[in-house]
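Only one structure is covered here, and it is reproduced in the block below.
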Amino acid sequence: MKNLRSLNNPYRDDKVFEGCAIFALLNQAGRNVSGEPVFRAISNMRNRGNGLGGGFAVYGIYPEYAEHYALQVMFDDPLAREEVESYLKGRFEVADEEEVPTRKTQAVIHPPQVFRYFLKPRAGWMDDVTEDERVIRAVMDINIGIKDAFVFSSGKNMGVFKGVGHPETIAEYFRLDEYRGYLWTAHSRFPTNSRAWWGGAHPFSILDWTVIHNGEISSYGINRRYLEMHGYACTLETDTEVLAYIVDLLARRQRLPMSLVTKIMAPPLWEEIERMKEPERSELIKLRQIYSSLLVNGPFACVIAHHGEMIGLNDRIRLRPMTAGIGGENLYISSEEASIRLVCPELDEFWSPQGGDPIVGRVKPESPEIFEPARPEVSDEDRAGLKAGGRV
Amino acid sequence: MKSYLPPEFIVERREDRCIRCLTCVRQCGFETHVYDAEENSLLSREELCVGCLRCVTLCPTRALTVRTNPSESRPNANWTREHLRDVCRQAESGGVILTGSGNDKPIRSYWDHLFLNASQVTNPSIDPLREPMELRTYLGRKPDALEPGEGRARESECPNVRIETPLLFSAMSFGAISLQAMQSLARAASEYGTLFNTGEGGLPAELVDYGKVAIVQCASGRFGVNWEYLNNSAIVEIKIGQGAKPGIGGHLPGEKVLAKVAETRMIPVGTDALSPAPQHDIYSIEDLSMLIYALKEATSYRKPISVKIAAVHNAAAIASGMVRAGADMIVIDGIRGGTGAAPKLIRDHVGIPIELALAAVDTRLREEGIRNWASLVAAGGFRSAADVIKAIALGADAVYLGTAALVAMGCTICQKCYTGICNWGICTNRPELAKRLNPDVAARRLVKLLRGWSLDIKEILGGMGVNAIESLRGNRLQLRGVGLEEWELRVLGVKGAGE
Amino acid sequence: MKKAGEMKRTGAVRKIQIREEACIGCHLCEFYCAAEHHPSKDLLKAFGPGRERPRGRVRVVEEGPVSFALVCRHCDEPLCVFACVSGAMERDLETGKVIHDPERCVGCLSCILACANGTILWDEKRGVVAKCDLCPGREVPACVAGCPNEALILTE
Amino acid sequence: MISNPNMDIDNLELETRNLKPPTARLARVDARGLDYRELNRRVDELLASGAGEIEIRGVHGQRYIASRVRRPVSFRIHGTPGNDLAAFSDGVRLEVFGDAQDGVGNTMNSGEIIIHGRAGDIVGMGMRGGRIFIRDEVGYRTAIHMKEYGEQRPVIVIGVMGQDFLGEYMAGGVVVILNLPPRNPKSFSRPPAFIGTGIHGGKIFFRGKLEPYQTGKEVGFDRPDEKEMEFLSGIIRDYSNYFGLNLAQVVPDDFIKLYPKHLRPYGRLYAY
């Protein structure tokens, strides 16, 4: 088994320490748009990163394979590709595959190969669980089991592009100017170690859930132990990873609405809860009792995205900056206002939410093709799985 | 309410030697000694005695002895006298126990488990008394190469500061220490060719001429920080943390904020000078970078910018981030570092020893190829030149001396700095007490200490067969460990003795 | 009575410099001085129990944090010498030291009245005045040697 | 050679003495595409050549603008200046036509900043003198550890409202909150709390009412006295003039005064 930690956290620190800039754009009409403003906006915050990591998540880019999982896999070694492909082909129907197109860029040093595979699980492989669970299994198998391979992203009709370099460099390298998506998130990274590794850049993802994050999660130690209890292997040892898994556990597996997920991660202070009226008061007390180990403490600002939705969230006492603006159809979230105004000087709305108060952006229902179908009721199977503490 | 606390010390007065000169009465700021004129007798209110030995030292007939109160409750290895006292103090006050100075617990001193090398046969030792022996050190970022290429630091962006010995005086703020004490440090630094540190209390008007040898701090309280202060300096230091109290701020009580302190800190007389725990413009590594460059902008890129942190668990990763954030000098202050006031619990339990942190930081910066980007200064309880030499061999460019400098001036480490009363005139602002420290005397003693330790360093260098401090810096082959576990040797990056 | 012009010194002058800013008000100079001028030259013997407490020739005055030792300045223009009616007060032309001979002193107190610095003390018991003699026979006067903070320093 | 600041501390003064002959009083800079170092260097050059007023257009997040300027120069900034605007500054007058970000007037010594828009977090952190007028709302921790000294008494005027922890650790100076309707209520999804927590100096004037829970336990409430009413009238007048607003509805009578109950809020926290 390979040790991802040695790649991402080579010095075995408690976690990877980093700071950064975040920027996100959601076209609320669900129209696919160019990422050009996103590149300009994130590169305007160059001082917040240090050139050792940049990345993007883009939604709506593979409409021709909208029903297929798009696995974007990074290879440090061509042999690893053979191994991955033979693993995948045994378990999935691969509808298409190609090397992710790149452009020669001087600033990019020793890039890995990145391939993408559009696939669906084959019948007969792990039929007892959902397709999502099977894809997650494959991601974990590859990431942990196959040397020199790492899955960047695994959602449908979306992709994560990331690497070592300033974000604008990464965008140029992956020719992101040629893509159009309705939701873009971007991250500029300031890691404290130099052995930055392409897989360690943000966004972090699982299925179509992606997270970009600024800050340090001081509660990482307990968040991680709680998640491990639920079967998540925090192999990258970075605090951002736990954000992705918390959302996956609560929103996907436990099917809690996003409004509760954000209240679990950044709950109101007890004294505020005590002032609330019933039944809200009791509900929040219950949330804090049950999910106390998922309170995300310490300075953070993050954008969590999946199809049709992005959520900006701050820690409870807003120790990291986060601003939001709406201009025309677009909702922007940014570490700095200047970046929003740079790409959209005339905003219809601008605000900077209080700590723990999420910025929720959704594609308007009149463009339902983007949306995942409304969440199904929890099936009996799922219930059984949940009760058994179903492991991913 | 009657206190259940027994006196910590007892005062013994030999009647046959006491001449009733009343020096003890006059010298005790804690008012331990009382003269009864009617009886012509001297009494001791021992519960007030802090064991600073001022009276003992000044008693002209050596009539006084102060010692730990020998009264013992039932011996108990778990419930020590200290634990009993602390519970009692908190039961009586309901507050946080304050203390001063550095950690007094028997934390393993790795210095005592590291041994130095000397030349024998295969190379000659050098006689430092007659042959040249160079201790000069430059603090600041060094360019990657003489002809820097694309993307590297340009020489013009690498201001460096010269010191003649790798010994710096650590940060002690005016307000916490007396003007006289700060003056003594400034004068000694100037005379010996090294630097003192203003701490976060500003630079008193009297010491403006010593700006050239001042490391001026910019800390969370921003006391006394303005353009003149930043630019009248050798180095500007951002203080994030302090070894004695990682993670918490400072608190100079209002009663210590007298006119002169108020003027220097630029706050009204009598208000508490609170230094928040964090700098509120630094909540993340990129914010540190922001302040570093704010200071570089404000000083037109002419001053090295130092960043000081307490030695904590992830010091290596943090230090690497600090260097990448633009710090030209980084300071790591270990768990034995001193303070004017800190909650006792934090002083004694938060942080890690400087030896391990220093080694880890130096190793990390070298692994990442960025050791040259910043000078590395170690701080926290250096007791002798031997500790200093070992720190330099582990990787430090220089060390900060705090407690040692105070002791040279007279401090007996009674740990009552936080009371504002210091019988030795060091850690006080009461004029009648502060004048007990004569800067002429104290500066002279400090210079002698610097000279003595520098000579010690030269002797050891000579014995190792090198004649410049840079040949010792980071040269861990000159160290061997004894009595250390495998992991400790690994972190320190030294071999076991005999290996 | 001598005239001012006759006082020109010929040798180096040793003086005790008083530094208020360093005086810590411990009064130890008084005790060291008194012991030095006691026949025993020993603190314990001079101030032993049951004995008459000797007086020194230096006096510390205090007012709040301000304190300093008063001790003869050995002035270049010594008013005490001009005022002395018996010739007991003289200025040593070689050393510049102002010396007092108790044998010739008649206890008229003129010098005390004349001294602007208030450094001449009245020895009630012996009926003569007493003042600093810079501790003949000692390299450094006892008060200077005993001052813990160099508030008294010897200048030459 | 590596330059040694030990040796050339006085160079800065020398440079300002080598002034070129004065050129136009008003100088213009187009900031588009410039990084902050380049922009600030250009400002230095313009000042050295005698400019007394500087207009910067197209500002898009450049940091530290005017932070080492130490004379009474006027700046007019169009766009969105970056963090630490006028940090450590001393005596400049700076007008921003747009929003400002975090750290406006950080450790500022004197001068005046007028923002025709909003500002981000920690406005006036550790500020010691001068005035900051912000037309709209401000972010977290406004006036944190603001202090006063002698004649220096900083003033921050906020048109709308500050988010949580306004006046935290405040040690001096004055904050005036006009409590006008917010530009976007989303910035205040709940009433701001922890106002004046740890305050041990200075005053906050707040127009309207506050619930006790919104303020720190160190805060006392009072009505402004006559002199303070006069001060508030002046502030309202200045605010109206600066931003060209008619604020007939804002009168000093509507303000409450928040002040520190103790100079030493933490005196009893410790066991001595």
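The chains carry the letters A, B, C and D, assigned in the order they are written, with residues numbered from 1 in each.
Basically, a contact is a pair of C-beta atoms (placed from the backbone, for glycine too) under 8 Å apart; a residue touches a chain by one contact, two chains touch by 3 or more.
This is a predicted model, so every value here is computed, not measured.
Chemist: Count the C-beta contact pairs for B-D and for A-B, then tell me which is higher.
Modeler: So, comparing the two chain pairs, more contacts are at B-D.
Chemist: Averaged over CA atoms, how far is the centre of chain C from the centre of chain D? Could you give it in whole Å?
Modeler: Chain centres of chain C and chain D, defined by C-alpha means, are spaced 63 Å apart.
Chemist: Based only on mean CA positions, could you tell me how far chain B sits from chain D in angstrom?
Modeler: 35
Chemist: Taking each chain's centre as the mean position of its Cα atoms, how many Å separate chain A from chain B?
Modeler: Going by mean C-alpha positions, chain A sits 45 Å from chain B.
Chemist: Using CA atom averages as chain centres, what separation in Å is found between chain A and chain C?
Modeler: 87
Chemist: Which positions in chain B touch two or more other chains at once?
Modeler: Residues 290, 293 of chain B each touch two or more of the other chains.
Chemist: Identify all positions of chain D at which a residue touches two or more other chains, and write them in rising order.
Modeler: 36, 63, 83, 102
Chemist: Got the chain C residues that touch at least 2 other chains?
Modeler: In chain C, no residue touches at least two other chains, as defined above.
Chemist: According to the definition of touch, which chains form touching pairs?
Modeler: Result for touching pairs of chains: A-B, A-D, B-C, B-D.
Chemist: Taking the touch rule as given, give the residues of chain C at its contact with chain B in the complex, in rising order.
Modeler: 19, 21-28, 31-32, 43-44, 46-49, 64-65, 67, 146, 148-151
Chemist: With touch defined as at the start, can you tell me which chain D residues reach chain B in the complex?
Modeler: 1-6, 8-9, 11-12, 36-37, 40, 63-64, 67-68, 70, 83-84, 87-88, 90, 102-103, 106-107, 109, 122, 125-126, 128, 141, 144-145, 147-150, 152, 168-169, 171-172, 198, 200-201, 263-272
Chemist: Residue numbers of chain B touching chain D in their complex, please.
Modeler: 89-90, 92-98, 138, 140, 142, 155-156, 158-162, 211-213, 220-222, 225-227, 230-235, 251, 253-254, 262-263, 266-268, 270-274, 276, 280-281, 290-291, 293-294, 297-300, 302-304, 343, 418-419
Chemist: Please name which positions on chain D make contact with chain A in the complex.
Modeler: Residues 35-36, 59-61, 63, 79-83, 98-99, 101-102, 118, 120-121, 139-140, 163-165, 183-184, 186-190, 192-193, 213 of chain D touch chain A in their complex.
Chemist: Quick one: which bits of chain A touch chain B in the complex? Just the residue numbers, please.
Modeler: Of all residues in chain A, those touching chain B are 11, 13-14, 17-21, 47-50, 190-195, 214-216, 299, 319-320.
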